[in-house]
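Following are the structures in question.
Presented sequentially are two complexes of chain A, the first with chain B as partner and the second with chain C.
What follows is the complex of A and B.
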């Protein structure tokens, strides 16, 4: 992995001595001293595990109504109660991971791929003239314009235009997040391209393309991964928010925002469990990804190691 | 210098707005496979769809359609909402004060509470107090960032409306039984104060307290973190040490640090504003606020394309204006930015 290589290259006279596996060893060393990081990692691991196994461990079918069980409060039989459609809230909360997590992860991966490739091009070939320079200038101007939109409203407009479906929500989220990666990576590349090792590669006769993707790209993977963790959390919030206002995942898919929307009508009559539990699951998940992102940022940045 | 900067920056804002209008046009007008069918549904006759297409100008070329739309926008015509059958400009104008009152108050509250808190906790030391502040600011930032605003609104409504009955029902900005003040500024708290309508003021504040808290709590966190970090860095900066060596008082030094911390904090406040505008869409829906955010959500449910288009254009225009104002303010405080 790229961050392992870069970590080895930079381990100098520090308190921690990098072993053969460098970055990974350091990450575990880091975890030991950061309870918040452990919490974040634990949450993320549990959530990902649930994404895989939730259909097998959910006590009830998340989409099958249970006759006579409308709006029952939490009990030993139904831990999170049942909702207005007589569905088991606990089972729905668990299986919602299968909608929220894959959509958020795939959308983030697409955003990262687009943002990182364009960011490297814009950073490395920018201010250099030629077709690369023009392309990077055009990309930056487009980013200036996209930046003017409030993120949630741009996503809302995209889904409104393309129609509310799970795929379109994913596309919208990838679209609004790609500029964040682009800006981040471009900034990193601008710094890296003046480094002596890059100059050395160029002197050795490496082509621009080779330098950009073989020498510079590995150096920006760490910050991109950190951003990705934060973005996944943010993407989950966006999916839930869009679904909450009816511009997201369609009914009756188990999805946290959609469940909160359905449950919001029961609040008036005192049935809090239909909206509180899915919201808690949503908040804890986002919290986990944010903590993990923060921890990765500290662990993967060689300059912060002490 | 100042004039040159304002002109240059304003031109950039106009280019941004034009670019944004193209993107909005493409998203809302071109992505739906056929707005005419979307409006009429599929169970109508071919001629009706064709007639509507002709009336909406959908048979013209795309650049032509954009040009016609842009001219209309410049004449203050955002088209007619087929759902409310009003001009979208009137619909938005009627609802904007409600949204502005909400988001400006939320921004005001977060600035007034969180920025001083950031300054107070900025001085770092080995004391327990400093460590608690460290963990507190970090935890609050992480929690606020993870909390879905619409869900927090619901939970608070359950607690303070359903259970405790401390706040009024989430049905708009003021209770129906109260006579609202005459419209002067459109902001209920200002209008009712001017007219001495205390019952209306009380009702308006009661309706505002939860949505304002939700927005300020969820979106204000970066302000606290940024203020704290910036002021903390400034207090450690060399110019402060030099000032201390020259015998300046602590008060004077703190003032110097604060003045130098202001520009990044102001820039961030602009960014936070953009997020609050987005968050208002969700929070308005929870509290049936009757502002432009709720209007946008209704428009999406009704496939009301003119209304969606108008809303996104206005919301983006507002945030472009805020970024412009923030940049000019930044320059007034720190004229070095223009060189960069």
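What follows is the complex of A and C.
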């Protein structure tokens, strides 16, 4: 009897087992068939690397003015030229990663933590009536109100209320992104909680809390990660946007949005390099995270895997 | 039209040396290996095999529907002598639907949910035959009538979700037959249907196709279907055809060893087995004198429909007892409320009315906290083997979970580990403690489910369709395991299933349910021999035995199960029963003692007995 069963599992020439964890094999196979995933991954890796090493490779001090070098065009000495404050644009573009990336990543992590935990609770206890149901309904409506505001305006209002600083920008970003995670996770949980294995856990005598966090939470981690990658991209855009309108990171911190804002006045007079280069860096980074998110979603989807 | 291309001697479909592979990240997976097959003019060929044997890929290959990462690597498929593999896309468009048509399983999913079925049929006509709208409409209605869909004019404008599954399957059959194709491929044509409806649909399909003279290829896992409807059979395993022979000689003794194995398993597992089969069962304890372990009285469960004052009346007054060590089968088609009863007993949902007592104590109104103490003594095995295991935990951890959650007398960590090892031995999966569920086959996963259910030594296990999603060859294994556990440990079972023969191999008593009521209850052998309710007889008559010579008792119900939202006022079977009288429309008959050991709810059970078993009722 045991023999027939194990023969079932392994029979057939290289019979493929659905959902088996191929680990590295699968990773390389996936990359080979998804060139955009390679691109996204490459961009993200480079950006993160720069975040770590940019102060050591930047040719000039990003915050120290170079006397007599105001608004020089790109040259072998200053690859991206210099700006109106006589700062080296290349060094600033590189080191800006140290502001944008950590703030975006940490803010997204906080948003994810809040969104996922509330999402699991709202999904598991929601749609059921009783005090849990009411509380989760109330949370959802609150999220509706938050999401009714344009994200940028809401973040702007938050920073305006608390004062422009790097930390406040991070808090604002975490706050406006939490509802996205909450909705996503709640939807996933609503599906998972009807799975037979969740019912089996209840039959085994598991409490609601245990079912929600031991049985359901692990199942929603991968969609949350996919969303996180996309959210990091948008968070970077938001930091830059806030800084651009002067409600974000204060001068003279190197930051892409701030640099674009500073340089925008010079474009009319022909000095394009001060905003175009940080703008490109910003666009490529956001693009990279979006691609990575897309690829993650594809790679982690068990249906796509087959 | 179909006759024009046929010439004597040339097979309708000739498959030679056909191989197909899927190219995945783990390399090439061979799905078909040198398949040789011949479909003769007008015959019905049954292709059988377990999950993953390549039978569906074969069906798709014939329709040119093998998609990336899959590819046909070599071979030839000839339709009336024409090489299909050399067809251009345009030629294929001409061929599919007109010369080769597919009847797929899962009819609700095969139809476009946003388009009325009549419109979909109309499009299928127009694809090969441009005609003015009114003419097409007339043709569609005619097609719907030909598959005996009542009220075809109105159904023309119905959407798929408004049809029952049986109706939707008929629509698919109508669609496949529109252009009178030379070859029809039916891929598990009745997989999602209830047994009484399955008979109706297969009979209809067979008679329509025979009329047309089309050649038919039926892909199925059910040897019963092959024995009854097919002329020849091809057995597949691992992408190879093991044997291709006529049905009669196959069932009298297949020549290939593997096919013998398949047939033997089918017969010994008590599934689809004909007269004189080996029934793996020990009669067990009789329920009489002992205090019942579980007692259910007047159980009612109505589910409210959101945004409406209507309710789904899933369970409508169910009473029965289960004695210690007894196995009770709860049998019925989908919508009979059998699963709801199981969930009510486990308190996964709360009853609308009625009383459930376990070990003499009333557990109906026990709070979840109080019920938690009883929980380790009532456990459940679920229908879906993989989905019911937590995918993020190892097999061992899955089995350990209920042990960790016992309220009183919890074992120490070391003892739990020992217990898990012991359980894995019992279900013969000793080496799999550290595997994850997705590395197991369905049969193995279901054995883990069984091990988990018995981990806490429960007194009652509710088995909710534990074998219905498994391959025939694996079903027998699970049933043997369940029998062994029952005998060795002395647990009581409630075995919920739509499959009478499976229940017969484990249970000594049976309750037949229809629309949320028990319509017949008692000794299982008595019920098989002398059933007193027309519904039980129809259920038994619809079992297709894996024996082409078995005489099929001809007792069929008309139509399909009524909606549980709007129950009939009289006997629930009134609209389908061939014995129906005036009295049946007034009130539902009560469950009454009809013979020793058998109770039935029918006013005319004596009349049913008077009908000779194998004769048509009218």
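Criterion: the second predicted complex is superposed on the first by the 277 of 306 C-alpha atoms of A that agree within 3 Å, B and C clash if a C-alpha of one lies under 4 Å from a C-alpha of the other, contacts with A are read in each partner's own complex, and residues count from 1 in each chain.
Methods note: a contact is a pair of C-beta atoms (placed from the backbone, for glycine too) under 8 Å apart; a residue touches a chain by one contact, two chains touch by 3 or more.
Remember, it's a predicted structure, so these values are computed and weren't measured experimentally.
Touch criterion met: A:199 reaches chain C, while chain B stays clear of it. Contact with neither chain B nor chain C is seen for A:125 once the two complexes are overlaid on the shared chain.
Of the two partner chains placed by superposition, only chain B is touched by A:158; chain C is not. In the superposition on chain A, no contact is made by A:273 with either chain B or chain C.
Contacts of A:26 after superposition: chain C is touched, whereas chain B is not reached. By the document's definition of touching, of the two partners only chain C reaches A:215; chain B does not. Comparing the two complexes, no residue of chain A contacts chain B in one case and chain C in the other. Of all residues in chain B, only 12, 15-17, 19-20, 23-24, 27-28, 30-32, 138, 142-143, 145-151, 154-155, 157-158, 162, 274-275, 277-279, 281-282, 285-286, 296-297, 299-301, 308, 311-312, 315-316, 319-320, 323 touch chain A in the complex they form. Chain C makes touch with chain A in their complex at residues 22, 24-30, 33, 50, 52, 237-239, 346, 348, 372, 375-376, 379-380, 382-384, 387-392, 401-402, 405-407, 428-429, 436, 438-444, 447, 449, 452, 473-474, 477, 480.
On the chain A side of its complex with chain B, the touching residues are 36, 141-142, 144-146, 148-154, 156-163, 233, 237, 240-241, 244-247, 257, 260, 263-264, 267-268, 270, 272, 275-276, 279, 282-284, 286-287, 290-291, 294. Touching chain C in their complex are the following residues of chain A: 1-2, 4-6, 8-9, 11-22, 25-26, 28-30, 195-197, 199-206, 210, 215, 218-219.
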